[in-house]
Amino acid sequence: MFQAPLLDGIPQDIAAVADYAAYARRRLDDNAWAYLEGAAGDELTRGWNRAAFDRRTLLPRVMADVAGGHCRTTLLGRELPLPVLLAPVAWQKLFHPDGELATAYTASALGAGMVLSTLASCSIEDVAAAAQQGGNGPRWFQLYLQPERQLNEELVRRAEAAGYEAIVFTVDAPLNGIRNREQRVGFQLPAGIEAVNLRRPLDPNDRAGFELRQRSLAEKRKQRGPSNVFDDLMCHAPTWKDLEWLLATTRLPVVVKGVLHPDDAVRAVDLGAASIVVSNHGGRTLDTLPASLDALPAIAERLFGRVPILLDGGIQRGSDIFKAIALGASAVLIGRPYIHALAAAGPFGIAHVLRLLQDELEATMALCGVDRLDRISTDFLKDPSFRRIDA
Amino acid sequence: MFQAPLLDGIPQDIAAVADYAAYARRRLDDNAWAYLEGAAGDELTRGWNRAAFDRRTLLPRVMADVAGGHCRTTLLGRELPLPVLLAPVAWQKLFHPDGELATAYTASALGAGMVLSTLASCSIEDVAAAAQQGGNGPRWFQLYLQPERQLNEELVRRAEAAGYEAIVFTVDAPLNGIRNREQRVGFQLPAGIEAVNLRRPLDPNDRAGFELRQRSLAEKRKQRGPSNVFDDLMCHAPTWKDLEWLLATTRLPVVVKGVLHPDDAVRAVDLGAASIVVSNHGGRTLDTLPASLDALPAIAERLFGRVPILLDGGIQRGSDIFKAIALGASAVLIGRPYIHALAAAGPFGIAHVLRLLQDELEATMALCGVDRLDRISTDFLKDPSFRRIDA
Amino acid sequence: MFQAPLLDGIPQDIAAVADYAAYARRRLDDNAWAYLEGAAGDELTRGWNRAAFDRRTLLPRVMADVAGGHCRTTLLGRELPLPVLLAPVAWQKLFHPDGELATAYTASALGAGMVLSTLASCSIEDVAAAAQQGGNGPRWFQLYLQPERQLNEELVRRAEAAGYEAIVFTVDAPLNGIRNREQRVGFQLPAGIEAVNLRRPLDPNDRAGFELRQRSLAEKRKQRGPSNVFDDLMCHAPTWKDLEWLLATTRLPVVVKGVLHPDDAVRAVDLGAASIVVSNHGGRTLDTLPASLDALPAIAERLFGRVPILLDGGIQRGSDIFKAIALGASAVLIGRPYIHALAAAGPFGIAHVLRLLQDELEATMALCGVDRLDRISTDFLKDPSFRRIDA
Amino acid sequence: MFQAPLLDGIPQDIAAVADYAAYARRRLDDNAWAYLEGAAGDELTRGWNRAAFDRRTLLPRVMADVAGGHCRTTLLGRELPLPVLLAPVAWQKLFHPDGELATAYTASALGAGMVLSTLASCSIEDVAAAAQQGGNGPRWFQLYLQPERQLNEELVRRAEAAGYEAIVFTVDAPLNGIRNREQRVGFQLPAGIEAVNLRRPLDPNDRAGFELRQRSLAEKRKQRGPSNVFDDLMCHAPTWKDLEWLLATTRLPVVVKGVLHPDDAVRAVDLGAASIVVSNHGGRTLDTLPASLDALPAIAERLFGRVPILLDGGIQRGSDIFKAIALGASAVLIGRPYIHALAAAGPFGIAHVLRLLQDELEATMALCGVDRLDRISTDFLKDPSFRRIDA
C-alpha cells in the first residue's frame, strides 16, 4: 500500500497536507492566525482557488509502462526533485521561533526551492547561511518595491551577494488589500518580530539623509488629496518603469509574480522577465479575482512556452500540481500549507509536506500512466462526459 | 497597509459595510427589523441581488500608473466624490431618533447624494435644512404616486421649493408586495412615527373638500369587485400617463426608479426621463425578479449612453460598485447598508459606510490599474477561463 | 399595503401557503404525515418540482394600465374565479374528521374546482351533496383503473349520476412507487378509514359472482412468475386500450393525468382526451422524474392549444401559477398545500389557501403589467442576463 | 402497493439499499469502517459517483403494455435474473464471520453473479464450494497482478479448476491510492484475517526458492531510487504485456476492470478482452477521477456493442441500473451496498439487497413503459426542458 513514511513526531491523523491546518490553529494565537488565514474581503477568491482544482477531473490511462518515472524538473537552470517552491510568506517568526531559518534549512535539505520575502523576520544573509547549511536547494528573493527607492537596489545587491538565484518581483500587491479578518482582530506584529531587512537606514553612515527623506515622505502625505488609495498608498506602487529598472539593475533572472491577464504576462516577458507567477496573492489583495488556476490556460496559450510559468493559490494535493502542469504551469508555489506544517511540527512538518506532495504527485502520474512531467497535458483533464449523450 | 481610519466609537470588528448588520439587529426590535430586512415572498430575489455581485470575477491589470486617480463623478450636473447615493428608505425614525435628518446631514457633509422618501418620517423642509447645515451634497425627492392625485403636485412643489434637485419617480411598487416577514410579525408603525409629508389635507383651508374626496375613495372601495389587487390597490398605480404628467409638471429632472425591462427603460427616456434606476426594490415587491445587476447589461446596451443609469440592490462592497459601473451604471444607490449603520452608530456610521465604500472602490480601481471611473469597462470582468482549454 | 384578510382563527404567522405545513405536522401522527409528505425513493423529484419554480425569474413591465384586471378563466366550459383546482388526494379523513366533505364544501363555496380521488374516504354521492351545499364549484372524479374491470364502469356511472363534470384518468401510477418514507414508518390505514367507493361488491345481489372473480384473481397471483412487478402489479395497469374504452364509455370529458412525454400527450389528445395534466404524481411514483414544470414547455409546444393543459407539482405561490401559465398551462392543481391547511385549520384553512393564491397571483399579474391570464406569456420569463456581456 | 417482501429479521426502516449503511456502521469498528467507506484523498470522486445518477432525469412513457416483462439478461453466456453482480471486495471476514462464503452462498442461491477478490479472506476453493451449495449463480475471479509473477498463473489455474467462469483483471489499482481515511485511523488487518490465497509459497516444496525470490525483491527495494511510487510500488504494476500474457494463459474470458478512457477500452477489446468494467474503483485509487457513469457514454459509443460493458460506482437504486443500461452498460456491479447488508444482516441482508434492486429496477421499467432490458435507451433519459423556452 502506498503510504508516506511518517516523520518522527507526526501524528497518525495527519495523512494529507490539509490536515496540518487544525494543528496549526491550536498552536497560533488569533493575531497570527488572522494574518495567515485571512484573505481580502469576503474571502471568496481564496475558496475559489481551491474549488478550481476540485472541480477538474482527471482522465487516467491504464497499463502504461511507467518504470523509472520521476517528477524531477529543471527551473531557471536548476534541477528540482519536485516542481514545488515555497512561496514568500512574511514574518515567519510569527509561526515558529526560528522563522525563515527553519524554512530555508528544510527546503534546502530536500533540494526544494524557497522564496524569501522582503518582509522576512530574519536577515537575507542569515537565511542564506541556513539554506547552505541545510543542503543545495535554490533560494530566490522576493522584492516588494519600497517607497525609499534607493532601498530597492540595496536589497537586490544583498540578495545577489548572498547567493540568491532569482528576484521575484511582486506586482499585484501595491496595497495590502482589504483584509477584513486581520482588521477585525486588530492584527499587529508582536514585539521582537519585524521586517528586519527594511530596518536599517539605507546608508548607516547617512542617518541625516535618511531622516530627511522620511520627512519628505511625511510631508508629501500631508499634502495629499482626499483619497487614501490614490493620493497615498499607490504613490509607491510598482509600474512598468520599475520593472524595466529592475531588469536593468540586476544580473539575476527576474520572475514577475501576480499576473492574471495574458496581456500583462506577454508584456513582462517582452521586457525580459524570466518567468511569470500566475497568482492572486492567495486571495489576499482583492476579493473576487478569479482562481489562479482558471487564469492559467489563457496565459499559457499566449506565452506559448517562451518562459516557464509558475502558479500559486490553493495547492494542497499532488493531484493539484498535476492539474496545474496539465494547464500550462512548469511548477507551483505553496504558501499557507507549509506554514501550517512549520507551525505544527517545525522543520519536520515542512519536510513531511514536501514528501506528501511528491508521493501524491507521483501516484497521480503513475495512475494516469505518465512517467515524466513533460508528458502531462490537457489530454488528462478531458471530461469524458463533455459529449453528453443524455442531454 | 490599507486601512480605513476608524471613526470615533466604531468597534474594531466593523471592518466592512456588512458588519453593521449584526450591530443593527441588536439595536432594533422585531417590528423594525422585519420591515427593514424583510423582502417579498421567500426573499429569493434579495439573495440573488447579492449573489450577482459575488459570482462576477474581476480581471485586473498590474503595474499601471494610476497616480492622481480618483472616483469622482458628475451626475445630473453635480459632482459627487464617489458614485454612491443613499436610496429612499421610509420612516427612518424607526432606526434612529433623528431619522432622515441624521441621514441628510451626514450625506451632505460628505458630499454624497441623498434621496428622500415620500414616506419619510421628517418633513421635506426640515430634511432640506439639515442637509444644508451638513454641507453641499445634492438631495433628491422620491415620489410615490398618491391616490389623492392633487397631493402629488403639492409634494413636487414642496420639493422644488426646498431645493431638491431631482424627482425620483418610483414605478415598481404600485402595491407593497407580499412581504411575508412583515406579515408574520404583524408590522405596524409605532406611535409617533408616520409619513408626515402625507399627513396634512391637501389644502389646509379645504378640510371639507379633503373629507369629501376621502369619502369618495371609501365608497369606491365598497363598490369594488372581488379582487383585492385589481379592484382596490391597483386603482392608484402609476401609469405612463402619470409619468407624462410628472414630466410636464416639474422643472426638475425626473429619474424613473424600478425598471428591469429594456423596453420600459427606452420608453421612459423617450418620454423625457433624465435617468433610470435599474432596481427590483431591494427584492421587496415581487419575489423571483432577477437580480438588478443581471438586468443591467441589456438595459445599458439599449440606452447606449443616452442618460446615466443608476442601480440598486445588493451593493455592499466597493468592488460591487466597480462591477456595476463595468456593466453600464453611472452610480449606485445603497439602502439597507446605510440604515444598518445609522441604527448602529448614527451619523458616524453612515459616514463610515461611505468612507469604506470609497476606499474599497479606489482600492479595486488601483488594483485593476484604473484611475478614473470612465475607464472601467467589461474588459475588467472577463472570465479568463471562458475559453476552457480543459473542457 | 397588500395583505390578505385573515380568516377567523388563522394565526398571524401564516402569511403564505407554505406556512401551513408546520401547523399540519403538529396535528398529524407519523403515519398520516409519512403518507402525505413522502414521495418515491430519495424524494429528489419532489424537491425539483419546487426548485423548478424558484429558479425561473420574472421580467416585469411597469406603468401598464391594468385597471379592471382579474384572474378568472374558463375550463371545460366552466368559469373559475382563479385557475386552481384541488388535486385528488386519497383518504382525506386521515387529515380531518370530515375528510373530502370538508374539501368539497369549501372548494364549491369559493367556486373552485375539486377532483375527488377513487380512494376517497367519503362516498362519491356524499361528496357531491357537500359540494352542492357549499356552492356552485365544479367537481371532477379521478379514476384509478381497478383490477375488477367491471368496477370501473360502475364508478364512472356513479360519478356521472352524482353530477361530476369530468373524469380524471390517472395513468402514471400503475403501481404505487417505492415510497420509502411510508415503508419506514409502516404506513397503514387506521380503523374506520378506507376507500369506501371500492368497498362494495360490484353487484350486491351477486355476491357469489364477486367471490368467484376474487378467487380467480388470487389464483392468477399464485401462478405468477418471479417478478413482483411484471407478474403481479402491472397486470392491472392501464393501457391505451383502457383509455379508448373509457372515452367510449362515458359522456363526460376525460382528462388524462400523469403525462410527461410530448408523444404521450399528443396520442391521448388524438384519441379524444379533453385535457392533459402534466404531472409526476407529486414525485410519489418514480424518483428522478423531471420537475413537472420542466416537462411543460415541450408538451405545450406539441399540443399547440388543442386542449387546455393542467399542471401539478410544487405549486405554493401565486407567482408559481403565473409561471406555469407562462409556460403553457391553463390552470394548476394543488395537493399537499390544501391538505396542510385542511389539517391545520379545516375548511377555513382551505379557503385561506385559495385566497392567498388568488391575491398573490393577482399581485404578480399587476406587478408584471398583465390584466388577464391569456396575456401571460414567456415574454415575462425571459432572463435579462441571457446575453451575458460579462462572459 | 408495491412493497418488497421483508425477509426474516430485516427491520422495517430498511426500505432501501442505502438504509443498510447506518446499521453496518453500528456493527463495525472504526478500523473496518475506514477500510470499507474510505476512498482516495478528499473522497470527491466517491460522491460524484452517486451524484451522476441523481442528476439524470427519467422521461417515462405511460399506458404501455408491459405484461410479461422481466429484467433477465445474458452475460458471457450465462443467464442472470437481474443485471447485477457482486463486485470484488477484499477481506470480507472484516464484515461477517463467514466472509466470502456467506456472499458466495447467497449470490448463488439467488442466481446472481459474484466476483471473488484476489485478496479474499477465504480460499478460492472454499468459496467455490459455498457457491455450489447455494445454487447455480456464476462466479468470477478477480486478479490483482502479483509481484511474484509465477503466483499469477497459479491463481488463474486454481480459479479455472474451481469452476470460476471468468477472470476479472483489475488494472486501475497498481498502487492502493491515497486512502487518507484509512491512514488516519491506522487501518490494519486484525489477527486471523488475511489474503489467504496469497499466503502459501508458490510451490510448497520449494520454500528455499520462494525465500530466494523474496530476498531478491527486498534487495531490489534497497537499490531503488528516491521515488516511493516509481521505484517501488509501480515496478509490479500491470502493463499491456501482462494483459496479453493473461489472455494467452487462460481459457476463461478475461474482463478488464478499471477503464475510464475510450482508447484504453478499445485497445483491451482489440487484444481479446471479453468485457470491460467502467470503474474508478469506487473512488478508492485517485481522487477527482470522473464519476464512472459520466465516463460510460463515450466508451459505449466507441465499443459500439463489440463486448458487453459493465459499470460500478455509486449504484444504490434500481433506477440507477436503468440509467446505466440506458447509457450503454449491460450490467452493473455493486460493492459497498452488499457489504453493508452483509455486515448488518448476513446472507439475508445480501438477498434483501438483490431483491430490492430487482423490484426497483422492474418498477422503473414498468413506469417507463419498458418490458425488457434491451429496450432501454437514452430516449428515457432525455431532459424534457433541454429546449428551454424560458431562456
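Assorted remarks:
Should a chain be cited, it is by its letter among A, B, C and D, assigned in written order, with residues numbered from 1 in that chain.
As a convention for this text, a residue touches a chain if its C-beta (ideal position, glycine included) is under 8 Å from a C-beta of that chain, and two chains touch if they have at least 3 such contacts.
What you see is a predicted model, and the numbers here were worked out from it, not measured in a lab.
Considering every other chain in turn, the ones in contact with both chain B and chain D prove to be A, C. Between chain B and chain C, two chains of identical sequence, the interface residue sets overlap only in part, with shared numbers making up under half of the total. Bringing chain C onto chain D by least-squares fit of CA atoms involves turning it by 90°, to the nearest 5. If you average the CA atoms of chain A and of chain D, the two centres end up 43 Å from each other. Per-chain CA centroids place chain A at a distance of 60 Å from chain C. The set of chain D residues that touch two or more partner chains comprises 56, 383. Interface residues of chain D facing chain A in the complex, by the touch rule stated above, are 41-42, 44, 56, 171-172, 174-180, 183-186, 225-231, 233-235, 237-243, 258-264, 285-290, 294-295, 297-299, 301, 326-327, 378, 381-383, 386. Taken together, the chain A residues at the contact with chain D in this complex read 1-5, 12-13, 15-16, 19, 53-54, 56-71, 81, 317-319, 358-360, 362-368, 371, 383-385, 387-391.
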